[in-house]
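The following blocks contain the structures, represented as structure tokens.
First subunit A sits with subunit B, and in the next complex the same chain sits with subunit C.
The block that comes next holds the complex of A and B.
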């Protein structure tokens, strides 16, 4: 029983990471209207900038992480402006396929610069804490804490600030938003910064809790897609629920079936969800 | 000179082979309006079906459970049927989904299949795969093996192109086009949209299965590493490269992409690091090509101009 609870707890940590990784993806989907396959590559970019500054240049982890997140936000904005903006009119399918091209370019660049092999950050080893017989490391607690913090601040941002409200207006009805005097281009830029910055944050978390290799991003996109579909492509809040469901389902499944199937569980959940309820958890039409 | 003809032969062989995939995808996407991001799954199904049907029963260290030891043509037919069966299995619950949802679900199915092939050693020895896959003896024709298989791939491509062409020129093909252009109108004149889309999906997966069998014959090896999402992306890039909607475009796009990859592979490298960088450069250039072509669509612009003239 303790073992099962332990798996569930690890699942919560996985889920919190997935929430961080998926929120930016879903935000892009809502405002820009397409699935950005290259989103996961931004996680990799951020993780490796952190690694380069931390393990390579000898910076402490916090400034390294901050620089990485900001840099990733601007890289995301740059890609959005240069690649995606000109082809938006061609429809979501074309942009989706283009983002595969972007993912290829980023992955290739990372591979060329960093090379193969496994990297680790230069941080103290994780300390393990025990609560009621359940183990959790301090880094895992940071992930959970940051996910909660991000969720709350994002909700405040989207509900209280001018830019946040503009983003929400854009995602619900772009034409109406534009006609009501919302600066569409500026809002789009803010969205790119925000979603890429969130990818950056998730990348730093990834660097903390996992070992880094250049193909790490591709494995993340599968799970991000799973969470995003389960949440329904139209809602941000259901990302939180969906992230936790996928995370816990993946880790708890290890209790009964071989660990090799862990990634498969994410998709099994998704396929069942799609067949039973094609619009996702949010019940909101997103087309 | 010898290496150049060797490369040319490889390009024809794999170019024709993957053209079959591109053609099927072209039918599904450009004509049927379905985004299939799991193309590799039907390819893998075909290859594994062929290997399992022709493989000798397991012995020694083998972990696979079934090896039927049948002749190659039985395996070839089984490959087409298996791919169709898999298309029925995956198409039935998912085809009512639209656009990107369908793309993601087919992608998910392909990942699940790959995961099954890795984890269920009873299917095909897990990550080790099935080696020494049986293939017909090419020497009967008095030609070298590579030439024979290049010819076989080329013939398969021609047959696929011909079959699809006939299919699309028929009233059935016009019904398919009508659905893509305007679903509501097609429905109004009594076309069963769901059934037609399902039929197109299943029919077009059969050649993919055949191509899988041929691929297994050429490589004489099947393992999960050969059938990753990269194959799917590769075929999509080829389709985009050639410009959608034309059979010739799909073939030329695939050939060009294979040729490009083979050319890079033919460059000799001094060190492992140099080879690594070249491999990355291949990815980067492929990605940039992809973005540029989708942005300006030079080939479809060319096709349009030719049509107008």
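The block that comes next holds the complex of A and C.
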């Protein structure tokens, strides 16, 4: 029983990481209207900036992480303005395929700059705490805490601020939003900054828990897609539920099924959920 | 993704190399024998490719310094595969058809497997100094050879070490790849036949940010040791998470983790005295190896890197085969290569072998990397080293010669 509970707890952590990795991706999908495959690479950009400042330049982890998140937000904005904005009128399929190209370019640049081999942050080994026989490390608690904080802050931002409300209006009906006087261009920029900054935050978490290579960020895209599909297209809150479902299902499955099938479980959950609820958890259809 | 990038690099490189090759063809004498050197000079395995190409050149120079083979001096044409099988096939075809190569040496596992058909169809010998893949255990043997043992040998050596250490309970963490699963299976069988309890046998997918879920059951069973067959990226995360999770037993890693970077990435204090690593190694006590090491230092000024001796052996095998074959072709080499490496007067260099052959003797080439007697699949038995983490370095603690597995 403790073993099963341990799997569930590990699953919550996995789910929280997936939430952080997916929430920016879903935001882009809602406001900009396409699946940004390059989103996963932004995790890598942020992870390596954190690594460069922390392990390379000797900065403490917190300022390194903040700089990495801000830098990633602006890199995301830059890519959005330079690559996606000019081709958006050609339709979401073209932008989607272009984002695959962007992913390759970012990966190639990281490969050229960082090179092969593995990289780790200059941080102490995780400390494990035990509650009722269940293990959790301090870094895992940071992932859970940040996921919760992100969810709450994002909810407040989208509901209480002018820019947040504009983003929501844009995601619901872009034409209507524009006709009601919302500055579409500025809202789009805010979205790029926000979603890329969230990718940056997930990237910092990736650097904190994982061993970095230039490929690892892209490996996360399939699970990001799984969570995003399960969440559906309507609401950001459903991303939180979907991330937890996928994370817990994947990790708890290891109790019965060999661990090699974990990624398969993620998609099995998505397929089953979509058979039951084709519109995804959010119950809203695509705009 | 990585492949796509290295293809681009490989294309550029191969264009440059094609120019160099064209130039060297003009300079070559009519009676030279051509050997293709097909290695990854870029990409993840680039460092290994450079070592192999360097050791092959050293071997060629020695052969030519000894007067060359009866078919003429050896000359090489080099091409970069980037580790990509498609590029490998294209470059090998060019070497065989345009350059008249009688043998192509140096491909990595994936490229080697892709070249099997081409080698048999064009009657050209292909040989690798580091392709351990068990696929070649099925496909190798006719025109397809290697101077390194199969991955299964690593499993046998790991199993032997885990048994010798007297562990009672061992857990396996194995990356989901053929090159890690097949040796792990061999090690597992050895443990089971020795009555050691296997607490967990976890096959995991690489590329994950965390392996906590995979480790839950492993840590709960508190094994004496964990056998970790994985790459560096996954391996380091697994080691750190297991250590943080309270694992206090010992480790046995496979060859990918036999690098100094591991100590920085994990923290030497967590590995010292309790981590071991297993890898295929030359028997450095053999006089043939010592002679090679001395030659290597004299000519290059450095220590021979991984697979340098295996690469040097490829050239000598091919040169001695040409010396004793009826024809100066791949078919000629293929007909005698096994005989050159087994039964007869033991010789440790091309010069000594050439002399013995001239005197009408049957020879047995004893390689710098060890005995090269090949099994049905064209694979020699291997020797293996176990190293222990001490003061942030890997140090030899045990050597298993090929005879340990008989």
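The working rule: the second predicted complex is superposed on the first by the 286 of 287 C-alpha atoms of A that agree within 3 Å, B and C clash if a C-alpha of one lies under 4 Å from a C-alpha of the other, contacts with A are read in each partner's own complex, and residues count from 1 in each chain.
Everything that follows uses one rule, which is that contacts are C-beta pairs under 8 Å (C-beta built on N, C-alpha and C of every residue); 3 or more make two chains touch, one makes a residue touch a chain.
What you are looking at is a predicted structure, and each value in this text was computed from that prediction instead of being measured.
When the two structures are aligned on the shared chain, A:226 is found in touch with subunit B, with no touch to subunit C.
In the superposition on chain A, contact is made by A:263 with both subunit B and subunit C. When the shared chain is aligned, subunit B and subunit C each come close enough to touch A:104. When the two structures are aligned on the shared chain, A:6 is found in touch with subunit C, with no touch to subunit B. In the superposed pair of complexes, A:83 makes contact with subunit B only, with no contact to subunit C.
Contacts of A:134 after superposition: neither subunit B nor subunit C is touched. In the superposition on chain A, contact is made by A:275 with subunit B only, not with subunit C. By the touch criterion defined above, A:254 lies against subunit C but remains apart from subunit B after alignment on the C-alpha atoms of chain A. In the overlay built on the shared chain, the residue A:155 is in contact with neither subunit B nor subunit C. Subunit A uses residues 103-104, 107-108, 111, 116, 218, 258, 260, 263 to touch subunit B in one structure and subunit C in the other. Remark: subunit A residues 34-35, 83, 86-87, 90, 92-94, 96-98, 100-109, 111-112, 115-116, 218, 222, 225-226, 229, 233, 258, 260-261, 263-264, 267-268, 270-271, 274-275, 278, 287 touch subunit B in the complex. Only residues 35, 93-94, 96-101, 103-105, 107-109, 111-112, 115-116, 118-119, 229, 233, 236-237, 240, 273, 276-277, 279-284, 286-291, 294-295 of subunit B touch subunit A when the two sit together in their complex.
Contact residues on subunit C toward subunit A in their complex (touch as defined above): 1-2, 4-5, 43-44, 46, 176, 202-205, 207-210, 212-214, 216-217, 219-220, 232-237, 240-241, 243-246, 261, 264-265, 267, 270.
For subunit A in complex with subunit C, the touching residues are 3, 6-7, 10-11, 13-14, 17, 103-104, 107-108, 111, 116-120, 125-128, 135, 137, 140, 205-206, 209-216, 218-220, 250-251, 254, 258-260, 262-263.
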